[in-house]
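There are two complexes below, and they share chain A, which is joined by chain B in the first and by chain C in the second.
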Partner chain A sequence: MQSETLAALNTLAGGLFLLCAFGIVATRQVKGCLQLFVAQSVLLAASAFLLGARFDSWHLIAVGVVNLIAKPVVIPWILRRTLHEEIYTRREIDQAVNIPTSLLAALALVILSYFLTLPLLEAVDPASRLGNVPIGFAGLFLGALTLAVRREAVPLLIGVLAMENGVFFAGIALSRELPFIVELAIASDGLILVFVVGVLTRAIHKHVGSTDVGALAALKEESGP
Partner chain B sequence: MAERILYNLLQVAVVLAFAPLAVGVLNRLKERIQSKRGPSVFQPYRDLWKLFHKDEVVSEDASWIFRVTPYLVFVTPVFVVLLIPVLTSYPLAFAFMADMVGAGFVLALGGFFAALAAVDTANPYGAMGASRTRMVGFLAEPVFIIVFFTVSFVAGSTIPYIVQKQWIASAANFFAPSHVLLMAAFVMLILAEAGRIPVDSPSGHFELAMIEESKALEYSGRGAALMKWGGQMKFFVLMCVFLNVLVTPWGLASSQSAVEVLLAIPLVLGKIFVFILLLVAIESSLAKLRLFRISEFLGAAFITSVAAMITRLFAF
Partner chain C sequence: MMLFAIVALPLLAAGLCWSTREPRVAVAATLVSSLLVLALAVRVAFSVLADNAVVAIENAVAADALSALMLLLIAAVATTAAFFSWGYMQRMSHDPGRIWFYYLNLNLFIFSMLAIPVLVEPTLVWIFVELTTLCSAMLVGYENTRAALEAAWKYVTLSLMGAAIALLGFLVLFSAMRAAGGETYTWEGLVSAAPRMPPALIQTAFVLVLVGFGTKVGLVPLHTWLPDAHSQAPSPVCAILSGVETTVILYVILRMLPVLNAVPGLETQLWAVSFGLVSVGTAAFLLIQVRDYKRMFAYSTVEHMGIILMAAGLGSAAAHYGALYQVLTHTLAKSFCFYAAGAALLATGSREISAVRGLIRRSPAAGASLLLGGLAIAGAPPFAVFLSEFSIFRAGLAEERYAAVGLLVLFIAIGFFAVLWHVNRMVFGRASAAVQAFRLPASCSGVLVVAAALVVVSGLYLPEPLHDLLQRAAASMTR
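And then the complex of A and B:
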């Protein structure tokens, strides 16, 4: 395929990636949140493949393969094993801020990310001046926003992973020669993170009876004698 | 010039004739998905025929607004059809009268009068439906405006015939994120404006849950038929705008030859059929939203359209 088509498809993946990031901030269901994260990871891998084909870089293709295995397959599998009932039975997520407000905040963050990255893009070489960079930054910010507005363990975890997706999305456009070992390390880090948080959440669930971590902010006092 | 006027009238005739069919096909397919046989695809025509042959009863206390509204609801989509590309990819005789923003306002005029007429008869369900429609309307308005201004910004024009050429100029334009996001936002807008499922249930007959339908509750006979037909045409017009301007101008006649214009009719109907399949999939897989969740649905549409605008503004 010619370079222009690849670039167009890559931009498309970027737009859909941004849409998934919005969805992660705003969906009500834990399962929907996880599915959007999976879709976002697939788009990240797609973008890595497209950029790899465009720049003839096997590093990027390897990043795509690692992402395609780790995020859409292994992470949901681990979560299903550790937290099955939390994902598939609870319907609604507790939000600290209501959904329209958090969406507007998300919008402001996306605009901010574009303003922040445009001067940065002046510095890099023109071939790397892709939509990936601002969209990746936006993904990072929206993941952070998810951490701020959600009060439920699994969506919080997905927020962290979405931040990582955002960083990757920007990274694949900027660097084509990232040492492979670093990528493998990051991917396995993500898996370990999921595993640890999954086990932790299970422990919280066992002790408290729910994974609504927003409720853990208040101190519980024993009633006096 | 005479040809252009003729084709323009042909365009109106196509919309008048096939708008009920589109709704009929949609209803039939929805029933089929639920393993029911469903009404015939020609049922909307029979309904219209029946209503036109019934007596009309108008409340003595109703004002002129109530009497005028069915005609306005019927005429506004017809007027918009004169402006937009339905069969041809070049402007026809009356297309000079307004651009997309103007067409949007004309469509909104019909909705405005329908809401007024619903309040006019003092039927409590009418006023409730009117206030709910206004709620959906004012949440959908920003999406409408952002979508049309982004589209106009991309093409450098608010004339639909210029806009539609923009997207097929190259694959890069078609797959531009702004275009894809705009399409997503506009589908959500069509669902809200036409009262389709996640926002409103068109087949529900429970007055308390009605949004769109409750406005026409007081109409009978010819008034009811015109309201119904007008609503079906509005739906058809929205689909035409979406398919012919925002998605693909493919299949439209590009020359003045009569054969090509006539050939465009089945092609456009085919495109609409494909879009109806998509709508059936959406409507059958989603549940109707609770009233106060509609703001979240349209908020999502708004975010999508603004994201489209941002990715366009900062494209490089």
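And then the complex of A and C:
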């Protein structure tokens, strides 16, 4: 394929990636949230493949393959193994901030990330001057916003994972020559992360009786027993 | 070889805990491995003093003076924590069948911390920082109470959020190094490439790492999880979390300072000094109104992390020496404080400051330790924390940073009175009920004696090799 076509497809993948990040902020169903995360990870892998083809980099293609196996396949499998089915089918009734407000905040964060990355794009070498960088920063910020507005355990975990997806989305443009072993280790770290948070969620479900972790707010200074 | 053994021993102990699931084997494996690691850490420190660095794999696994100092501190606290856990967990654990699980996680946690100073590749270091969070999550939530699980959840989500931000920082740092034509992504390689790096990239990278890992260090305003996690975990784990884990993560931030100092025209020193002072100030005022004595020591950790970061930001060799001396004295004093708090919890069964009165009559060992620990951590004169804080004041005055030093003195004074006021009420206050005597488990009293001896001796006498190590580590931060 020609370089322009690849670049256009990469931009498309970036746009859809951002759309998924918006969806993760605003979807009420836990299951829907997970599906959006899977879609986002596939788009991340697609972008890695497209950039790999454009720059003839086997390394980026390998990163894409690792992402394609670890995130859309293994992570949902680990979650299914560690968590009870009931947690999946939950719906969040009240979020900490209502959906229109959080979407407006998300929009502001995207504009902010384009603004913040302008000086960076001028400084990096020309081959890294891609739309991936601002979109990756935006993915990071939207993941953090998800952590701020959601109350259920699984969507909060997906917020953390979406932050990492954002980091990788910028990373495949910024640090193409990072040793592959490091990428592999970071990916396996992500799997341990899902396992540990999954086990913790199960413990909370068992001992507290709910996975509405937003309701866990006993530890603070003002009120004590 | 030594470096591999240091990292492998706790992993081996964890494997034994996992495969046998027998409490006695788990305790023995943890004790033996932590003692061996301590011996090896001392050997590494002497090798570093003899020929400057221990290299296991070029550009991947190596230790210099700063790493050797961190290894020593981790190994020392891991050893005392292992001995304290022995008696403490027997008394406190409601479910003896799960004790192996505690030791499994403890060993994995120690393993992940020991790997951080011996790795020199920033992204590999990041992986192990993430692992420290994941391995300690189950320790924080070990007691499975509502409060412990809440603390574990807050700890994990905020730390992971911070880690993701820091990872982006390290990737930006990598691109900055490539833009400067650097080839090896190590702390050394970064310093040598730094003068040619684009300032926009390096500044963004530093802010991302400072905010990201600052969350895990407990720097204000991202400190909110810290008093929860550091108070709900079992006391020996608190000693590790507060005493060394926070400093090990701070060490990663300190590793970036020489890189930044080599880039002309950056305001990073201002960032470090102001972030540090805000943490010290906020923690000093929060110390006044605590109700829970373990939370009190946790806030004191926030205060000390701020002091260290501020001292590192002052920039001169004397200030770096002060910062690292503070790392050493804080680790010794804070781990002792949490052992004393654990003993007080064993003796009284309550974490509330208002519920503990006349502790010195109920358990003289716990009461005396708490008093000694409170004096040491607040920075009363004969103790080492006073000396390290004083060396920071002196370095700051030599740099003519009068405003920063003035504020630091003020905040430390507020913190001093707050800690001693609470400790005084707990130790000497009039008990409401009749006091019965209480005996601590032998291993706990043993650890209290050893830790107290370390705290007292370090204030009077700093061994020559340790002084050398501190000075070399400070020099490596200054160039």
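Here, the second predicted complex is superposed on the first by the 211 of 225 C-alpha atoms of A that agree within 3 Å, B and C clash if a C-alpha of one lies under 4 Å from a C-alpha of the other, contacts with A are read in each partner's own complex, and residues count from 1 in each chain.
Everything that follows uses one rule, which is that a residue touches a chain if its C-beta (ideal position, glycine included) is under 8 Å from a C-beta of that chain, and two chains touch if they have at least 3 such contacts.
Everything numeric in this text was worked out from a predicted model, so none of it was measured.
Novice: Is A:A108 contacted by the first partner chain B, the second partner chain C, both or neither?
Specialist: neither
Novice: Is A:L216 touching the first partner chain B, the second partner chain C, both, or neither of them?
Specialist: second
Novice: Is A:A127 touching anything from chain B or chain C once the two structures are fitted on A? First, second, both or neither.
Specialist: neither
Novice: Of the two partner chains, chain B (first) and chain C (second), which one does A:A96 touch, if any: first, second, both, or neither?
Specialist: The answer is neither, since A:A96 touches no partner chain.
Novice: When the two structures are overlaid on chain A, which partner does A:G136 contact: first (chain B), second (chain C), both, or neither?
Specialist: second
Novice: Just chain B (first), just chain C (second), both, or neither: which does A:A203 touch?
Specialist: A:A203: touches chain C, not chain B.
Novice: By residue count, is chain A touched more by chain B or by chain C?
Specialist: In the superposed model, C touches more residues of chain A.
Novice: Touch test for A:M163: chain B only (first), chain C only (second), both, or neither?
Specialist: So A:M163 only meets chain C here.
Novice: Contact residues on chain A for chain C in the complex?
Specialist: 116, 119-120, 122-125, 128, 136-137, 140, 143-144, 147, 153, 156, 159-160, 163-164, 166-167, 170-171, 174-175, 177-179, 182, 185-186, 189, 192-193, 196-197, 199-200, 203-204, 207-208, 213, 216-219, 221, 224-225
Novice: For chain C, which residues count as touching chain A in their complex?
Specialist: Against chain A, the touching part of chain C is residues 121, 123-124, 126-127, 130-131, 134, 137-138, 141, 144-147, 149-154, 156-157, 160-161, 164-165, 167-168, 171-172, 174-176, 178-179, 185, 198-201, 204, 227-228, 231-232, 286, 289-292, 295, 352.
Novice: Using the touch definition from the top, list the residues of chain A that touch chain B in their complex.
Specialist: Counting only chain A, the residues touching chain B are 4-5, 7-9, 11-12, 14-16, 18-19, 22, 26, 99-100, 103-104, 106-107, 110-111, 114, 118, 121, 129, 131, 134-135.
Novice: Give the list of chain B residues in touch with chain A in this complex.
Specialist: Answer in residue numbers: 170-172, 174-178, 180-181, 184, 295-296, 299-300, 302-304, 306-308, 310-311, 313-316.
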